[in-house]
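Here come two complexes built around chain A, the first alongside chain B, the second alongside chain C.
Let's look at the complex of A and B:
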């Protein structure tokens, strides 16, 4: 298991470098000049030249790429022209805020998706199943930025149940437990929007996998030794359905940044999503490449973790048959 | 005479599918006494398995028991609440199946699956169940049971998996074991071992057994009586010795003749012409009539007009055939 993990991590190294090269080239191929974005248009030509020289932007592109890769190999993800500090420290500043939304959203979505999917599978074609399927189809089809805005308009502006934007109420100046409660209050709407996005794939995969397993012969055999319908569902069909469910949850974690950009922007949440958006607008190359690199590393790691979880869940994977 | 352990009467289990109503089991009646071994014989698709699943209350939509009664030790099982059925299945009526490896949950250890059966069948606590599981594995002839109890189904051979299934079945010391083609998927040498084990356990526990099979050799080996099924009905029911020496129904006669015999291996195998009718819109009259040589030879017209009722030409021998009316 340890050897397997180490081997997979080593295999990931060239993949990460490949991803780094591709993102770097893509970003530099896009129009826009970081110095112009920083200093504004119609500035002093001498100042532009000085800044370019300072950040190495006057050198040919391939040289810039090699410099970037060389630094990357040493663990240096680049320097933000905009914020005048290392890209890593900027990202690490914003990461907790994003995790504060992502982790609970994914946890809630997993619980809802797995339980509703399992129930729907147990009562295939019932009213519950049809409602759940229609609802997830809707949840899947609705664009998350639109949904976020509707939630905002309805529950924050119209009914005034939740705060409109941000992570906390700066004017109230709460302390201690009251401050925690305030943050929680701010989390509700963005998390609701994210849950709506996460639930449909989890629910649908759960439903399909459980239905498939309910047809297996070991289900009938378990019933024949006196196991009730409910026990058979929870103790046999669901554990056997876990592999595809874990896969879909793993892939959601990998792609959570995509959803976060839109949701964080609508709710003015000070997280990575908003950071990425402002970095793109400011042509802050170091931040953009560092974030995209992080994204690919997250996806690679999630794939690895998913595979490791497989072997925990399924003895056949563990024993390599 | 004491009341039979199991009485099946007029059992009809139909599948309601788009193509129509498939009458998989259409009026099956038989009895089984304590400690008796009955072979339920017939070709694929004749309703043997559906009959055994109906007895255990394991019929799922689109199939449904539309009529009939299954009385087990004084309790009516047809229409009984799930709670009652769950307490009967396992501790009182146990089942083993054709595909032993597929019948074990792949992600649950052998010990835990035996433990489930012990939990519903006995009052043992956790550690006692663990010890009993090892004993049961040892009882069904699995070597190194202390290690095997922690293993998973994919680590077992087909024969071992069937032994595990038998251990699970024995866990609650059932009065009735339904064995649905228990040896069909196994190697020939393993088949013999499993049959021997079943026979030995049956005698030791004085357990009644319904042995569902298409293999007349298996029936001859361990059954006391045989019930021959054709197109959802029992067409003949008698002792195994009569089945071999004096079968009455033309279908049974055909089955006996179509067994390969070691003595004249050069001769062509006798076959019954045609195939089992699809049980949607069964022919009026006797469902075997279209394939029946005896009907043609005796020029019987009633066969295609009216279904024969069971008659008893000899004591303990019942047959559904116009030839014997």
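Let's look at the complex of A and C:
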């Protein structure tokens, strides 16, 4: 198990390196010039020349790439000219806010997705199943920024139950437990929006996997031994269906690092999605490449963790010798 | 297999990142960028006066005139050098003190050094932390800020400023003339793009005969200096903090600003909020009234509006056109019509004809397009009435320089058709096809859509190409790969700052927001030069009138509309200086 893990981690190194090169090249190949975001407007030619030189933008692309890779090898992910400090420190600053939103959203969505999916599978083609499937389809089809705005109009403006934006009340300056409550109050609507994004894939995969397992011989055998439908469902079918479900949830966690651009934007939630977007618009290369790199590392790690979880869930899966 | 999937996922993501600048998912997110980009310039102008100060400038070149603007805001509806409600009211009945003003900001500023950038979001914050030597009002007239008075030599080559007494930096150090000299010589003239571009060639020296006197010496007469000294164009920075710093652009001090302004930075939570607290030792006695100002980053304009309606924020810089009517009828909200502010002043969205293109070498083609574009429709349908049809290169609100004695191009399809026939582009079907580059956000694609329909009526096929800002600028000014484009050019505080750059032949090349038409006319070069170095305001007005006559006849660009911005505030907030960098200096909450 340990050896397997170490081997997988070692294999990941060239993969991460490759990902870094590819993202760097793609980003620099796209049209765009950071000079105005960097240097401001209405400067003279000499000024822009000076700024290009300062930030190495006047050097040939391959040279810039080598400089980037050289620094990367030393663990330096670059300097954000927009934020005037290292890209990593900017990203780490934003990470907690993103996790604060994503972790509960994914947890809630997993509980809803797995339980509804299991129930729907147990009562295939029932009214419950059909309702759940239609709702999933809708959840898939509705653009999340639109849904977010509808949530705002309804629950913030119309009913006045929740605040419109932000992570806290800008005026109140709460402290201690009151501040926690305030943050919680602000989390409800964005989490609700995110849950509608996360639930559909989890629910559909759960339903399909459980249905598949319910057709298996061992289920029939269990039923024949007199076990109740509920027990068979929960103790036998669901655990055996867990592998694809874990895969889906794992991939969602992997992408957590990208935040959610749209939800964060609509609810003015300060997270990584917004950071990535504004970095892209301003061609803040250091932030973009650092975020994509960290994202690919997260995905690689999540894949590894998912694989390790397999062996916990399913005794037949054994890694290493 | 899994690895392949992973690589695929990374590739897809990178592609997404590389292309996401102008895809559909951009839509709700892109609008906030508008204020900054709408004006290719970022510039608060205005100055509401401070109650304690007696404006006593001995200044001559007061380039201005009666305010014609319909500013609704108490703080700027009065003639410039006179008294102001913001100044009077407090005296009559002391405004309530205390409270936290929440201002929505569309993007994170990144740092707080206003001397190294012209960016909107930095200046929106630092305008409350720093001061310039002067502030400007709605019509770009100078008023005392750090300088309580000034003298200008008869030939406009020497400006002497007398600093206010007892000004202290937020850390307690006194402000002296050395700070002013240092700021210009070590920061602004190197790193502030507009100040560098405008002054570095003609500013000979800065002398500091004593601690409160600063003298600017020019190599030639220069009339527009006072319009360049507000808190956006020339914020004064502390020498004792920045002296000896290796690199001003990346200095740690940029995140812990020490200013002279009405508010001090208390905390900065990236991408979330910036909290400013009252500067108890502010040199303008009695100000500010508020205890705190919180700048909350809210990228989505719709969310900003909802937050204003819900009272979660007190002020938003821009109300989208579509929301103006609804908010206008809401008693709890006050709208402010403004021509300027940190988002750019006196702006004119303008169609650029690329003079390198064969088709535009014929004046009749340019005239035909001018007649074919229905600019009233642009005002009504794109701006929701928040603007006017432009008549030429200078905004009608810049009273001393504006002239209506120009060639005008009313909407006239028949005239346009006749001109195109004359130019030899056969009628029937499509006469020719051109591309039209626009920014992919805000109202720009909407201008393009209306114009595409307008021009189709006279047989010109327009291919609209929306690009995000970072891709647009190098394509237009670097590669010059366009037939036409729309950019909102802002006149800013003086035509020598915001207008000349589009027409003078020395400003063609890979310079953002420069002479994109590549228009060359030696007579125009001379006129702009003369206008910038003429001290006499009336004479300057004549020169700019001549410039407008020539340019509207030659039509290197088509000036579409003059935009007006609308800011919104809670009705319980008074004394806001919506046009100034010092937006919250005199603001207070009503009982």
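We adopt the following convention: the second predicted complex is superposed on the first by the 314 of 321 C-alpha atoms of A that agree within 3 Å, B and C clash if a C-alpha of one lies under 4 Å from a C-alpha of the other, contacts with A are read in each partner's own complex, and residues count from 1 in each chain.
Definition applied: a residue touches a chain if its C-beta (ideal position, glycine included) is under 8 Å from a C-beta of that chain, and two chains touch if they have at least 3 such contacts.
Since the model is a prediction, treat every value here as computed from it, not as a measurement.
Participant: Could you check whether chain B and chain C clash or fit when both are placed on chain A?
Facilitator: Fit - chain B and chain C, as placed by superposing on chain A, sit side by side.
Participant: For A:121, decide between first (touching chain B), second (touching chain C), both and neither.
Facilitator: Neither partner.
Participant: With both complexes overlaid on chain A, does A:100 touch chain B (first), chain C (second), both or neither?
Facilitator: neither
Participant: Looking at the overlay, does A:32 come into contact with chain B only (first), chain C only (second), both, or neither?
Facilitator: Second partner only, chain C.
Participant: May I ask you to decide whether A:164 touches chain B, chain C, both, or neither, giving the answer as first, second, both or neither?
Facilitator: Only chain C is touched by A:164; chain B is not.
Participant: So in the superposed three-chain picture, is A:240 touching just chain B, just chain C, both, or none of them (first/second/both/neither)?
Facilitator: first
Participant: Between chain B (first) and chain C (second), which, if any, makes contact with A:209: first, second, both or neither?
Facilitator: After superposition on chain A, A:209 lies in contact with neither partner.
Participant: Which holds for A:278: it touches chain B only (first), chain C only (second), both, or neither?
Facilitator: Only chain C is touched by A:278; chain B is not.
Participant: Once the two structures are overlaid on A, work out the angle chain B-chain A-chain C from the Cα centres, in steps of 10 degrees.
Facilitator: 160
Participant: State whether chain B or chain C is in contact with more residues of chain A in the superposed arrangement.
Facilitator: Between chain B and chain C, the winner on chain A residue contacts is C.
Participant: May I ask you to decide whether A:315 touches chain B, chain C, both, or neither, giving the answer as first, second, both or neither?
Facilitator: After superposition on chain A, A:315 lies in contact with chain B alone.
Participant: With the two structures placed on a shared chain A, what shortest C-alpha distance in Å links chain B and chain C?
Facilitator: It comes out at 23 Å between the closest C-alpha atoms.
Participant: Residue numbers of chain A touching chain C in their complex, please.
Facilitator: Spelled out, the residues of chain A in touch with chain C are 15, 18-19, 22-23, 26-27, 29-37, 39-45, 47-48, 54, 79-80, 82-85, 90, 93-94, 97, 145, 149, 152-153, 156-157, 160, 163-167, 169-171, 173, 258, 261-262, 265-268, 270-271, 274-278, 280-283, 288, 292, 295-296, 299-300, 303.
Participant: In the complex, go through chain B and note every residue touching chain A.
Facilitator: Against chain A, chain B makes touches at 53, 56, 58, 82, 86-91, 94-95, 97, 99, 102-109, 113, 116-117, 120-121, 152, 154-155, 165, 168-169, 171-172.
Participant: In the complex, go through chain C and note every residue touching chain A.
Facilitator: Those residues of chain C that touch chain A are 2-3, 6-7, 9-11, 13-15, 17-21, 25, 27-30, 33, 40-42, 100, 102, 107-108, 110-111, 117-119, 192-194, 196-197, 200, 249-250, 254-255, 269-273, 294, 296-300, 302-303, 306-307, 309-310, 312-313, 467-471, 473-475, 478, 497-498, 501, 509-513.
Participant: Hey, which residues of chain A end up touching chain B in the complex?
Facilitator: Touch residues, chain A against chain B: 216-218, 220-229, 235-236, 239-240, 313-316, 319, 321.
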